[in-house]
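Note that chain A is present in both complexes that follow, paired respectively with chain B and with chain C.
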Partner chain A sequence: MKAKFNTKGFVNSLFFSLIGIVAVLILWTLGVNYTTVGLLLPTPMEVLERAIYTMSNPIGRTNTLLMHLAVSLRRVLVGFTLSALCGVILGIAMGRFKMVEAIFKPLFELVRPIPSVAWIPLAIVWFGIGETAKIYIIFMAGFVNITVNTYAGAKQVDENMLGVARMLGANELQAFFHVVIPSCVPYIFAGMQVGLSTCWMAVLAAEMVSSTEGIGWTITAGQENGDMTQIFVGIIAIAIVGLLLAVLMRWAERVLCSWRVRGK
Partner chain B sequence: MNTEKINTAKKQKRKYQIISVLSVCVFLLVWYLATAVFELAPSYSLPSPVKVFNTFLTKLHSKAPDGATLPKHFISSLQVAMLGYLLGAVIGVPLGIAMGWFKTVDKIVRPVFDLIKPIPPIALIPVMIVVFGISIKAKAVLIFFSTVIPCITNSYSGIRQTKQIHLWVSQTFGASNMQMLFTVASPSALPMIFAGLRVAMGSSWMALVAAELLASTSGLGYLISIGRSLLRSDLIIVGILCLGMINIVLTAIFNLVEKRFVRGGKDE
Partner chain C sequence: MMKERKTVIECRNVSKTFYSMAGDNLVVDNLNFNVYENEFVVLFGPGQCGKSTILNLIAGLEKPTGGEIIVSGEKVTGPSPKRGMVYQTTNLFMWYTVMQNVEFGPKMQGVPKKVRRERAQKYIDLVGLKGFEKHFPVKLSGGMQQRVGIARAYANEPELICMDEPFGHLDAQTRYLMEEEVERISNSDRRTVVFVTNNAEEAIYLADRIILLHNCPTSVHKEYIVDLPRPRDYTSPDFLALREQITAEMDNTL
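Up next, the complex of A and B:
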């Protein structure tokens, strides 16, 4: 069912996409200009102008839009890296060793169903409203997803392959690095995909509850000042960065495990 | 010899179960010792498990300090979640199926959908508050958004993954386009649709908690945010554990429904 690339089809689909997007923009503009919605919402042009304006002019005290994004991204990066490290280690250990599974599975099952956003108040009480609290929240958001997926992957290692490796004289360590890890990698990446987007969501929530900078803060600041244009600029920036993160992750997966592309 | 094997396997299993129980007990014991006996952490930041349990019991009937009992918060959260979730599922699944099946719908709706998809629902909270106020409506619309997106994505790819051969067979037997959609494509997309509904449940629950944290007057998210402003971490922990419990129960119910309605499809 894979569509072949042909110019006619491409132009055709581009045409329809344009119709869809233009229709939304026109409806938006008309709605704002001619109905009571206009009292609340800005027009698309205003949002675009503001977005360009805030690229070079600060929102709040000092940070421009890009700097706010950078602050949020740094938090996500730190939290996500930590959670990927811990999640992969715990996941593989739980999947491969019965003892570790018996000890940590019940504790993990206690933490797993808690929505990451619900950690925010506790994190604030524990760590204050500084960076640590935010990184903790992001960590919890990524950790759960990555561990669940890695665990599932480690459980599904083909025992036959392990047997073959052992029969051909591989010791435990070699079998682990040459059979177990490679067959877990697609699962780990699936977990990291979900984890990264949840982390991006968690940083927003954390910044919206309490912070003084970051892209989530620009939205709440906009809400407090009744500045809808700023809220929309924030939302669009968040959406674009979220999309970029997802694309980046998918690209990394394609490059790093080219032998097995998921979702084919 | 065979029974012997089974017996040792059973023994092994029993051994690991005991270790699991022990691990939880040790965790609770360490928590208890660290807080109640040695007082390593101040009680406002980490209360002892006994205190958490007591708070849970008293919250079941007492209204202090946040104006409603635990069951009341619980019901108010669940009500909003159900409203938004059902609305999202009822609109999202058919729309996703239509997008997957009818080329024209796909071409028109897809670009709009691709625009909305990457927006995390949490980012929409301020807009919802400005447009709808701090009402049940704002939260329901928010949850609607976080439900509708995974529902559409999964129904769409579920329909798209229908085996071409199955469609050919039904065509050979003279099925109309609609018959093909309802008797071949939709049932074979069911596992994907259910996966989407499951994802939607998780994300809508998260969005609800975020919304209640930011602005509300009832619900479990409100309970934990009050716990934070009063520095009552026992209250927060009770709230968090309840949120986790509900998630477990909802997932269990969901699994039952899925088992009842979805046949096959696991053998991909």
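Up next, the complex of A and C:
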């Protein structure tokens, strides 16, 4: 069950991924220092210095960099949790009950192709520029992915295994919780992985349109003040947090779906 | 002594037709046989002859279109934990550990945790999987997975265990090993077993009685009582003679 950690392979892959990052940083620095690109870009060192500076000094009125990130993360977690709850319930219901599928599938197929940013104007009109509008936009972004995947999972449940459970004395409800739900879990996780990334993207889009705080707002504020360094700090912070969220989800999947992993 | 034996399965004039748009398909035609308590009966017949359909009928997963099947005095109307099943494709719950798979039946029927754990452990030990309780099936070999399937069926303590070509997917070596295992298990925990196979050697090695089936639509062609001493020797002259006889007779069913 406990995978033996492959130290050599890990060091190797870390080394090669660092090569790529370091190469970009060097080219970036050279470009800024020796070409006209320098008029439009700060150097990586300037971005790093600013990032460290804004850890303890506010961007805008009161919030430091980490506080802006926390504001955005809180919005994402609320929106994502709601979308996961609704998506899993609707996905399983559509996959397992013909009636629910007949009613909700056409509606869902209509909502599905709408990009989450298209909800921004509507959300502002409906909910104002407060938290509710942003959470609604995040919700729509995650909800679609999670529902689609859960639905696919609920459709592929092996009917044989339901028969096996019944032969062993399980009633309908027990068969549902011991067969249907576990066989959907890997699909739900695939949906949640994509969902969490799209939620993170959506919150930034929402904050760039209407807000007074959040990591997305720091970018818009940087643009308005002509502060390229602040824009870069925002972009890189978004990238790093996005990456961390993805790693966190993959780790959760490995723990919860360990039964699918072959080998020692 | 023979007359005192309790009848566990009675198949009375059982027929099964599968209806479809392409036409009706008669698979089981007027099947009659009995299985007695603690008897190891092998249903033996050519491939695709309807052996698995007969097991599904006994298990209650399919309904006969004619006649009736009575198990322990009750007519079969649907699946029941009183009848255990071991499948060719193992059909384990891949998301549960070996222990969780084996204790599944008792758990569904509300057996308290301590009791069902003890019972599951007994059968895990019996099939030789001690130490693998916390493993997931995906990490086990085909033979070990099938042991889990057998333990899971036994742990429900059914009146009757149906085994549907349980070793059909295994390599020859593992298959011999598993046949010895089944022999050993049914010696230490005697139950009524209906075992389906198309392998004559396996049938003679395991059976108290072999029911040779007709090709499709199937019914009982002939019965053999195997009274060779156990454990049986695949290469003994009596074994080989019986094998010759049964294989020759099977050709007559085609």
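Just so it is clear, the second predicted complex is superposed on the first by the 238 of 264 C-alpha atoms of A that agree within 3 Å, B and C clash if a C-alpha of one lies under 4 Å from a C-alpha of the other, contacts with A are read in each partner's own complex, and residues count from 1 in each chain.
One rule holds for everything that comes next: a contact is a pair of C-beta atoms (placed from the backbone, for glycine too) under 8 Å apart; a residue touches a chain by one contact, two chains touch by 3 or more.
Keep in mind that what you see is a predicted model, and the values were worked out from it rather than measured.
J.: By residue count, is chain A touched more by chain B or by chain C?
T.: B
J.: Taking the superposition as given, does A:20 touch the first partner, chain B, the second, chain C, both, or neither?
T.: First partner only.
J.: Looking at A:78, would you say it contacts chain B, chain C, both, or neither? Reply first, second, both or neither.
T.: neither
J.: Touch test for A:129: chain B only (first), chain C only (second), both, or neither?
T.: It touches nothing on chain B or chain C.
J.: Once chain A of both complexes is superposed, is A:174 in touch with chain B (first), chain C (second), both, or neither?
T.: Only chain C is touched by A:174; chain B is not.
J.: Is A:238 touching the first partner chain B, the second partner chain C, both, or neither of them?
T.: A:238 sits against chain B, while chain C stays out of touch.
J.: Examine A:70 and indicate which partner it touches, taking first as chain B and second as chain C; both and neither are also allowed.
T.: neither
J.: Tell me which partner A:118 touches in the superposition: chain B (first), chain C (second), both or neither.
T.: In the superposition, A:118 touches chain B alone.
J.: Would you check which partner chain A:164 touches, where first means chain B only, second means chain C only, and both and neither mean what they say?
T.: In the superposed model, A:164 contacts chain C only, not chain B.
J.: Across the two complexes, find the residues of chain A that touch chain B and also touch chain C.
T.: 1
J.: Within their complex, state which residues of chain B touch chain A.
T.: For chain B paired with chain A, touching residues are 12, 16-17, 19-21, 23-24, 27, 44-46, 107-112, 115, 118-120, 122-127, 129-131, 160, 164, 202, 205-206, 209-210, 213-214, 221, 224-225, 227-228, 231, 233, 236-237, 239-241, 243-245, 247-248, 251.
J.: Inside the complex, what are the residues of chain A that reach chain B?
T.: Chain A reaches chain B through residues 1, 13, 16-21, 23-24, 40, 98-99, 101-107, 110-122, 124-126, 197, 200-201, 204-205, 208-209, 216, 219-220, 222-223, 226, 228, 231-232, 234-235, 238-240, 242-243, 246.
J.: Within their complex, state which residues of chain A touch chain C.
T.: 1, 160-161, 163-171, 174, 178-179, 182-183, 185, 258-264
J.: What residues of chain C sit close enough to touch chain A in their complex?
T.: The contact residues of chain C facing chain A are 59, 61, 79-81, 83-85, 87, 89, 91, 93-97, 104-105, 108-109, 134-139, 152, 156.
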